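For reference, the structure I am asking about is given below.
As written, the chains take the letters A, B, C, D, E and F, and residue 1 is the first residue of each chain.
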Amino acid sequence: MNSELVSALGANLLSPAVLFFVLGVIATLAKSDLKFPEPLYTTLTLYLLVAIGFKGGVAIREAGLMQVWLPALGAILLGAAIPLWTYPVLRFGGGLSAVDAAAISAHYGSVSAVTFIAATNFLTQVSQPFEAYATAFLAVMEAPAIIVGVVLGKLALPREGRSLAASIRGAIHEAMLGRSVVLLVGALFIGWASGKRGAQMTEGFFVTPFQGILALFLLEMGLVAARRFGDLRKVGLFLAAFGIAAPLVNGCLGIGLASLVGLGAGGTMLMGVLAASASYIAAPAAMRLSLPEANPTFYLTAALAVTFPFNLTVGLPLYYALARWAVGNP
Amino acid sequence: MKRVTIVCESLAREPVTRLLQEVGAHGWTLLEVQGSGRQGLRLAEIPEFSNIQVDVIIPPAVTETLLQRLHADFFPKFAMIAYETDIRVLRPNKF
Amino acid sequence: MNSELVSALGANLLSPAVLFFVLGVIATLAKSDLKFPEPLYTTLTLYLLVAIGFKGGVAIREAGLMQVWLPALGAILLGAAIPLWTYPVLRFGGGLSAVDAAAISAHYGSVSAVTFIAATNFLTQVSQPFEAYATAFLAVMEAPAIIVGVVLGKLALPREGRSLAASIRGAIHEAMLGRSVVLLVGALFIGWASGKRGAQMTEGFFVTPFQGILALFLLEMGLVAARRFGDLRKVGLFLAAFGIAAPLVNGCLGIGLASLVGLGAGGTMLMGVLAASASYIAAPAAMRLSLPEANPTFYLTAALAVTFPFNLTVGLPLYYALARWAVGNP
Amino acid sequence: MNSELVSALGANLLSPAVLFFVLGVIATLAKSDLKFPEPLYTTLTLYLLVAIGFKGGVAIREAGLMQVWLPALGAILLGAAIPLWTYPVLRFGGGLSAVDAAAISAHYGSVSAVTFIAATNFLTQVSQPFEAYATAFLAVMEAPAIIVGVVLGKLALPREGRSLAASIRGAIHEAMLGRSVVLLVGALFIGWASGKRGAQMTEGFFVTPFQGILALFLLEMGLVAARRFGDLRKVGLFLAAFGIAAPLVNGCLGIGLASLVGLGAGGTMLMGVLAASASYIAAPAAMRLSLPEANPTFYLTAALAVTFPFNLTVGLPLYYALARWAVGNP
Amino acid sequence: MKRVTIVCESLAREPVTRLLQEVGAHGWTLLEVQGSGRQGLRLAEIPEFSNIQVDVIIPPAVTETLLQRLHADFFPKFAMIAYETDIRVLRPNKF
Amino acid sequence: MKRVTIVCESLAREPVTRLLQEVGAHGWTLLEVQGSGRQGLRLAEIPEFSNIQVDVIIPPAVTETLLQRLHADFFPKFAMIAYETDIRVLRPNKF
């Protein structure tokens, strides 16, 4: 397994996607004025979410819902459960305030769509087939941890004006009707409804340029992540270490769960990646609105400046090696 | 007549425009802006973490209510500044 | 014909393009914050107009101008004639003011490029060959009705400062040099001049991703159209009914004309679609500048919230069935 | 050679890329309101630079650095040398001030990436193979002339506050860390590091739509260039003539150099195009910051309203004919 | 010196900037904005139906002419508001 | 409190925001704008040649320093205008 891990690591680090990410990091560190206009950022995320959702929907149609419901349920439960171990660790191990611990927990239980997409890219690259319907797990894992995190945070705060129930309703609304969930779930349905026919018609847009567009987007992610590196000093060593330890633990949990419910090596890795990834768009937005008392520097820096780069570069090949080992596919 | 200008994180958009309606403003103008302040740099690259500026024209009486509400409910939660300018409007009865 | 209509209807409603439109409608109705940045809207329209224009120009080159001039002339006359029946109906049947009736008439005599593009997409999907040079009809049908509408409206208004001739010159300038006409006619010429060679060189951009990009754009159109649903109450039942009746009547007129000048089933349907469609960009812009006395809520709501969704979902398969029947191609 | 030149000229003028440029010019002259949103401009340049850089990097990897270093060194020296002849001509022949002469010289010694990309497009179109690693010459030729131009300009100005060395450091920073150099050099490295594998993965994005996207971008360049036509009166006949003579002379210098270092017909033409082209983004930005005393109307109008259109339409086929003649490939 | 701010539908761009030139302004600054008012919400999604804001710096004397022309020729036709602010400019002779 | 507004070519962005920091401003708000002036039309099509507007809220004392520095170091080099408005801010101690 070791030499395989090394070669997968090399393949990943030399893939255009990861190299463009590194270019973005270097450009920011070298104080270049490179910057993506906001509409381009929005367009790229829109494209990636719709493309991955659509293809996932087509895959669900082919696999049948019977195949999907059990691992999807597992994914929901896993997402909701992750904050239950990260919260005490952050609160008592790291000495963070209750609200901050709750907010960070929400991020690590929720998921990063870009990390997931990069993982599917990685699997394509190493020619490993995977259950494309895993996009459904991505779609259902965004919300649960956010809701759990808000509950944990609100319980710790002195009860005022707005009731706990109202806060949770707010968080659910945010988590369910946010841009990313609407696009992903909507595209899943459309892929499911239009099936193979629809896939053929849109292949030239959703498939042909996909990998290149992902590479371009990761350039932007490199710029964005590196701008947060300066905050690493503010968040301290404990949180930086947490940003690497948490994905390792969660990745193992995800891989364990996936192999239990009988996914193949590809799907198992993807479940591991989902568990390991930390949200840096949906969760922060929900926290700003539902838990504004939490300090954004903590959760954004951990998720964006530590966990995301770690998963993208070292994490992906590692989870892949673990997934292959877990499903007994050496 | 007064112009109140609010510069805040874009996530506050919904609550701010709702507040304007509540205090009785008949309209508003909204701009996407970049900014720097106590909460650091906001480069308007990711829509969720960028800034907006909302300009609202209201009679002086309303200004007080608006600024008080901002002070009480918004400033503790959002990265935000607000200020007021004296203006002379065409067709004042509109506002 | 009936069972065919049903199957065409089903194929249309389950196509990614229409499903993305529906997703946009649902997202707006569910109060999601999904919104396309303006530059993306502009880019998508630019792309669609240039791509369809270019391919149309290549097709004209192949068919020869002799094939094109007669139906194009028919299209111009039809566009100019439509306001002549819709104006009295709106004015006297619907009790609308003269300016409003004139403005609405201009919209229904003019055309919607997106509806046309969706129709070519529909024909591709049902594997029906069509005269690709029909894009020329799209190009020539935008202006005539706008000019007729402005004349009708100005005649009804008390003559002041600016003369009728000046207003009409203004409207002609608007209708001729607006963004959409420049792009469409320019791309038609370029397609014509660069021919098959040019088509091969740009195929990877103008053809490969076309259907997917159209689907993405229709998502945006769903968002935009649904935002107007709230105005339906303001415009009243008569105008809502007109928004469905007018395309049906105009569609039949277009199909009749096309079968007279000898187009095939595909081209006949496209002429029907052009007649049936109502402009919601070029005509409103021209009305705001040349007939500012007309109320935009009326014409925008009818064209965008009623006629466009109707044509896209139910209209296309219907006009197709009628076109096949009209050319005796059961 | 003559009849070949005519046919290459015809092929170029009827290519979609050049025709879209002409459409842009006409649209501006006809006072159409057609305008690209800024994010689209930025996205298109980003795409073109990354795509050409990436493909160039892959080509360097295949050719080996041994093939590339000598002509690249020649390119650097040529870029730095061009201002040495243009400066006295502009200063004493044209009677321009020293700062203006220096600034304009910087533009003509530096390069236009879009002209280079259009040249590769031209070569593809006439089925002429070329050394794709020539992108490396593009990357190294942007900075040298800018630095030489700033030095020339600063020497002519009364020494004040900021020292010459500081100005030059500023110009070097600008020239090295500007958006375009970062993207181009970064993508070159990525192409080189990820090699054939990487090229296959991103082909659907960096190759398939490339020519169409270039055509769309040239539409925008036509709009932008034509907006400067009005300034032609301000800059006078001498500078307008210089804007055509300079690329002809520099093109010959580039072609001569390239045939000396042993490039093929394709690479020789590209070196000629680089020498002939004038920068209109990187150099103006550097001049505004490092030599603000120079008048932007002069250098922008010459580079953008004269030299760029000339090279794009007439220059490309001409340099191609010359290059074929120079390498003895009639 | 005065700053006049005009917020209007973007279709009025041409006529408004022409008017500014006619009354003798030496320049203007233009922003794309979103807005809400009597004529409903303008989200700046479709360029033809979005809003612009034009700021123009002019001497007080010119302000009157400008506001009168706006009142007479523009307000009946376009969705628009306009207001004036007192400002102190650097290099006043420029305006 | 004062609001100073600077409209200038976007290439001046770096030096202007650095200047604001130097004179002691605690923040700024930045907008991408189009403009017309002595140096011609700037349509905001190419980012390198477009305009920005920077608004900064500072105490009156700082205004003088800022305007002087702009006058001495920036106006000779960049296409630029600057003006000052009186404003009343919420939470003045922030600025």
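Keep in mind that, in the parts below, contacts are C-beta pairs under 8 Å (C-beta built on N, C-alpha and C of every residue); 3 or more make two chains touch, one makes a residue touch a chain.
Everything quoted here is computed from the prediction, not taken from an experiment.
The chains in contact with chain C as well as with chain F are D, E. Note on connectivity: the fewest chain-to-chain touch steps from chain A to chain E number 2. Across the two candidate interfaces, A-B and A-C, the one carrying more C-beta contacts is A-C. Taking the mean Cα position of each chain as its centre, E sits at the greatest distance from chain A. Farthest chain from chain F, judged by C-alpha centroids: C. Of all residue numbers used where chain E meets chain F, under half belong to both copies. The two sides are thus made of different residues.
Each chain gets a centre from the mean of its Cα atoms; for chain A and chain D, those two points are 41 Å apart. The geometric centre of chain B is 20 Å away from that of chain F, both derived from CA atoms. Chain centres here are Cα means. That of chain D falls 34 Å from that of chain F.
Among the residues of chain D, those touching two or more other chains are numbered 33, 36-39, 42-43, 208-209. Touching of two or more other chains is recorded for residues 31, 47, 85-86 of chain B. Touching chain pairs in this entry, ordered by label, are A-B, A-C, A-D, B-E, B-F, C-D, C-E, D-F, E-F.
Contacts from chain A toward chain C in the complex involve residues 37-39, 42-43, 46-47, 50, 54, 177-179, 182-183, 186-187, 189-190, 193-195, 197-198, 201-206, 208-209. Residues 35-38, 41-42, 220, 223-224, 227, 281, 284-285, 288-289, 292, 296 of chain C are the ones that touch chain E when the two sit in their complex. The touching residues of chain B, when paired with chain F in their complex, are 5, 7, 31, 33-38, 51, 53, 67, 70-71, 75, 81-86. Looking at the complex, you find that chain D touches chain C at residues 14-16, 19-20, 23, 26-27, 30-34, 36-40, 43, 124-125, 207-213, 215-216, 219. On chain B, the positions that touch chain A within their shared complex are 9, 11, 32, 39, 41, 43-50, 76-78.
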